[in-house]
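Got some structures for you, see below.
Two complexes come next, and they have one chain in common, chain A, joined by chain B in the first and chain C in the second.
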Partner chain A sequence: MQIEVSHLVKEYKRKKNPENMLAAVGQMFRPKYEILRAVNDINFGIEKGEAVGYVGPNGCGKSTTIKMLSGVLTPTSGKVLVGGLEPTKNRQKINKKTGIVFGNRSVLWWDVPIIESYKVLQKLYEIPEKRFQENLEEFADIIGIRQLLGVPERQLSLGQKMRCNIAAAFLHDPEIVYLDEPTIGLDSESKLRIREFIRQMNEERHTTFIVTSHDFQDIESLCKRIILINHGEVVVDDGIQKIQKNYQSKKQIRFEMDQNPWLETEKFTMDGVTILDKTPYSLVLECEIQKVDAMAVVDQVSRACQILDISIQGQDIESIIREIVTEKG
Partner chain B sequence: MEKLYCLIRVAFQTKFAYIKAFWFNIFGTAVSILIYYFLWKYVFMSREELHGFTAVQMTTYVVLSRTLSSQFSGGINKEFAEWVYKGNIVVELLRPVHLAFNLFGKRLGEFFFFLLFKGIPIGILGTLLLGGCGPAGVVEFLLFFVSVLVSIGILFWIEVAVGIVSFFTLNTYGLAFTKSALLSILSGGVVPLFLFPESVARVLDYLPFAGMVTVPVYTYLGKYSIQEAVSFIGLQVVWCVLLGVLVMAFYQKAIKKVVVQGG
Partner chain C sequence: MERIRRLAYGWRLWKGYMRIGFLKMTQYPADTSIWLVSMLIREASGFIGILAIAGVTGGIGSWNVYEICILFSMCAVIEAIGQTFFDSVWELINMIRWGRLDVYLTRPAPVLLQVLGEYMFFQAILATVVYVGIFLWAAWQIGLSFGGYEVLLLLEYLVCGTIINSGIYLIFNCLNFWLIQGGDMAVLVQTCREFVKYPLNVFPAAIQGFFTYILPLGFVAYYPAMALLGKTDLPVAGLMPLAAGVVTLLAALIWRVGLRSYDSTGT
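This part shows the complex of A and B:
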């Protein structure tokens, strides 16, 4: 097990909002705190080379966990082991073997050319010159930063900055990389490139990844396993395909037809089927798979009109996760 | 050493990127030197000597002390506080070197920039244009530089301490202002320490603040004998180590409480 987390708890103290002016003045001298449990008894283990999506709604404790894994925050109780070491006590040692990418922060020096920042990182991480050049050469093309190396970071666009930061996280051949919202605010071309790069690193170098993202395309294309947390607790921890199979509750069927017999009605003729959208020549249905078989629905429709085209879609992982969160939350 | 060098270099390069803004900074220091120069000129109109200082020596005192104390308003505590405030501290904590090392490299880079673009040019130009005097001797001149170098250590630890307080207050504008004002006064950057009541001045002489302006400038002017100068510099070194130990202990405590803001 490369990363082991057991009974992890993190509590924050937050200043209580005073109820009235008098209380506000009083609190300037003796503030009252309330305790906030951001992470509540989390357990999981991650093997070397795994790519794990760490997901959950805003404020569920994702970043807090990552910060504890990287040793920045000290857990209130519980244990974290990374490569057998405790992060808070061995932060520098572990930092050397980890890379980190924050979608909203940069690890580079704002005012100097990218290559100068890379050279500083080379020295700090003690990367041998040969290895440094090889990595730089390889990354420059895959992630498309060759032309950016001579430009100071402050003159780059968001996407370019992000690409430079991602390459920076891999220069020292890290064993573990944390990606915190790596594609936030990027265009689809940049997203694609970044995903491609990360996948390649995972496959060729067996780098372990923990990805937190609200973009489920990120998660789906990068990870094989999802840990879903909500209110600081692990809700689901399983393979993506398994989650899709186990939690799939609805299917979407889209018809194109010569004329739509349900145009005037609100309800479909079968139980467990709802009409999502309709036009004179098309119909979109959603059926609950526990109650009704999708093929039976198709059968029903084909008897009422002539079907020109049809597509059946399972739920995507995003809506599955959403449902789990709302159900269990 | 290589790591320190590259941190110093990148800090220097960063400073250099803002060279245009720096001209205004130099201008500000030049103006403050002029103001104090005229003030003292007025004082020396009615007398030849003040507490062993001649008018020429006082001019040099003004040039050097204003230049040295112009460092107090900057420093890494500002950037450190901003890291904490905006949450970027997490990035800096994840670097493979200690935060203090990282900051020290940055501070030295800024210091060398200061020395090259402000300290040396203003020191020479100010002395020549306003008619100050040169160093009392070669040994004094060298000791002056040693003292200035050690003072950066003291200043660094004070700045780190101010920065750490931002862990708790999440904002240090007020504190940073207090710092620069207090340091200027206590170090002898505003007026020479001999203007304080004698008992206060005697205490201030031995505090770490004096090491940042009074000790180097007095050494330069030959107000101390060589032996005195060396022992004062020795005292600076002791203060530097002592502050380092205290601030690092404070840091270890503070780091456990780090709350990283913003996601």
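This part shows the complex of A and C:
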């Protein structure tokens, strides 16, 4: 196990909101605190080379966990082991083998050309010159930063900046990389390039990834496993395909037909099936898979009219996760 | 062995940061020249004021005009060195507020080294040149001779003075770890520092004592200047490292405790 988390808890002390002005003045001298449990008894393990999506709604404890893994925050209780070591006690040692990408913040120097920032990182991580040049050469084309190396960061667009930051996180051949919202605010071209690069690093170098993102396309295209947390607790921890299979509750069927027998009615003739959309020549149905078999629905429709075309779609992972969160929240 | 390796690592990294600072200065030539002119006017105004007073009264206390020039320039040189290499301590408040310390904490180098290396301000080196010029001119006017003792004393003053000055700034900027507006306290200290540009013995004993024992800014320029000019019997050469050592220990302690209590803003 490369990363081991057991019974992890993190509590924050937060000043209580005073009820009135008098209380506000009183609190200047004797502050009242309330305890906030951001992470509540979390357990998981991650093997080398795994790519894991760490997801959940805003304020659910995602960032707090990542910060404890990278040694920025000390756990209130419980245990974190990265490569067999405790991050807070071996911070510098572990950091040398990890990389981190903050989607909302650049780690490069704003005023100087990108390559100069990389040279400082080379010294910081003590990257041998040969390895540094090889990596630079390889990344320059995959993520498309060759033309950007001589340009100061302040003159780059958001997408270009992010690409440079992502390459920066890989210069020292990290074994683990944390990606915190790596594609936030980017156009689709930049997103694609970044995903492609990360996937390549995972396949060729077996770099372990933990990705937190609200963009489920990121998660779906990069990760095989999802850890969903909510209110500081792990709700689901499983493979994406398994989650899709186990939690899938609805399917969408779209028909094209010569004429629509349900054009005038509101309800479909079977239980557990609802009509989402209809025109004289098409029909979109949603069926709950516990109650009704999709093939039976198709059968029913084909008896009433002539089907010209048909497509069946499962729920995407984003809506499945949304349903789990609202159900268990 | 490991310690030497770490030291060499720190030095290589520091050189990297210096390179960034130097490149920054050359990136903005217009800014650099504007800053230089405004700095010269600002410092000159203070300087001319004190010279005018000293010119009318013939000196301040037992200090004549040239001796005051020496004290003034010695005080300014230390501040300029601090501005060049250690000005980032003033950015600590923003680093804490915007969570930039998180970035440093996820890297394999000491956090303080990364904080200090973040901003170097090489424009201030130009200021140093001006102050050294004033110092040499005043020293020549009163016929100060430079033997081995004086040179060693000056070197000691440069090292210890910088440590004391920047160390005190660091200590007070560390208050940002606990207070929302801890920077105000540090600015207050910097304002108090105006006192030590003048011969401390013209002030009441309480102020002298304050800048000797509580906030030892007197050791930045006043005591070394007295030693250089032969105005005191105090063993200044021995007291300076002592004061620097105490400040270093305190700064290191407060930094450690502060960093431990740092809970990054929850984004």
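As a working rule, the second predicted complex is superposed on the first by the 329 of 329 C-alpha atoms of A that agree within 3 Å, B and C clash if a C-alpha of one lies under 4 Å from a C-alpha of the other, contacts with A are read in each partner's own complex, and residues count from 1 in each chain.
By our rule, contacts are C-beta pairs under 8 Å (C-beta built on N, C-alpha and C of every residue); 3 or more make two chains touch, one makes a residue touch a chain.
As the structure is a computational prediction, the values presented were derived from the model and not from experiment.
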| item | value |
| --- | --- |
| Chain C versus chain B on the shared chain A, clash or fit after superposition | clash |
| Partner chain(s) touched by A:105 [first = chain B, second = chain C, both, neither] | both |
| Which of chain B and chain C A:38 touches, first, second, both or neither | second |
| Partner chain in contact with A:250 - chain B first, chain C second, else both or neither | neither |
| Partner chain in contact with A:205 - chain B first, chain C second, else both or neither | neither |
| First (chain B), second (chain C), both or neither touched by A:95 | both |
| Which of chain B and chain C A:63 touches, first, second, both or neither | both |
| Those residues of chain A which chain B touches in one complex and chain C touches in the other | 12, 63, 67, 70-74, 91-92, 95-96, 98, 100, 102, 104-105, 107, 109, 111-112, 116-117, 119-120, 123-126, 152 |
| Contact footprint of chain B on chain A as seen in their complex | 12, 63, 67, 70-74, 91-92, 95-96, 98, 100, 102, 104-107, 109-112, 116-117, 119-120, 123-126, 152, 180-181 |
| Footprint of chain A on chain C - complex, ascending | 9, 12-13, 15-17, 19-20, 23-24, 27-28, 98-100, 102-103, 105-110, 260, 263-264, 266-267 |
| Chain A-touching residues of chain B, taken from the complex the two chains share | 2-3, 5-7, 9-10, 13-14, 17-18, 87-88, 90-91, 93-98, 256, 258-260, 262-263 |
| Chain C partner contacts - residues on chain A that touch it in the complex | 12, 38, 59, 63-64, 67, 70-74, 91-93, 95-96, 98, 100, 102, 104-105, 107, 109, 111-113, 116-117, 119-120, 123-126, 152 |
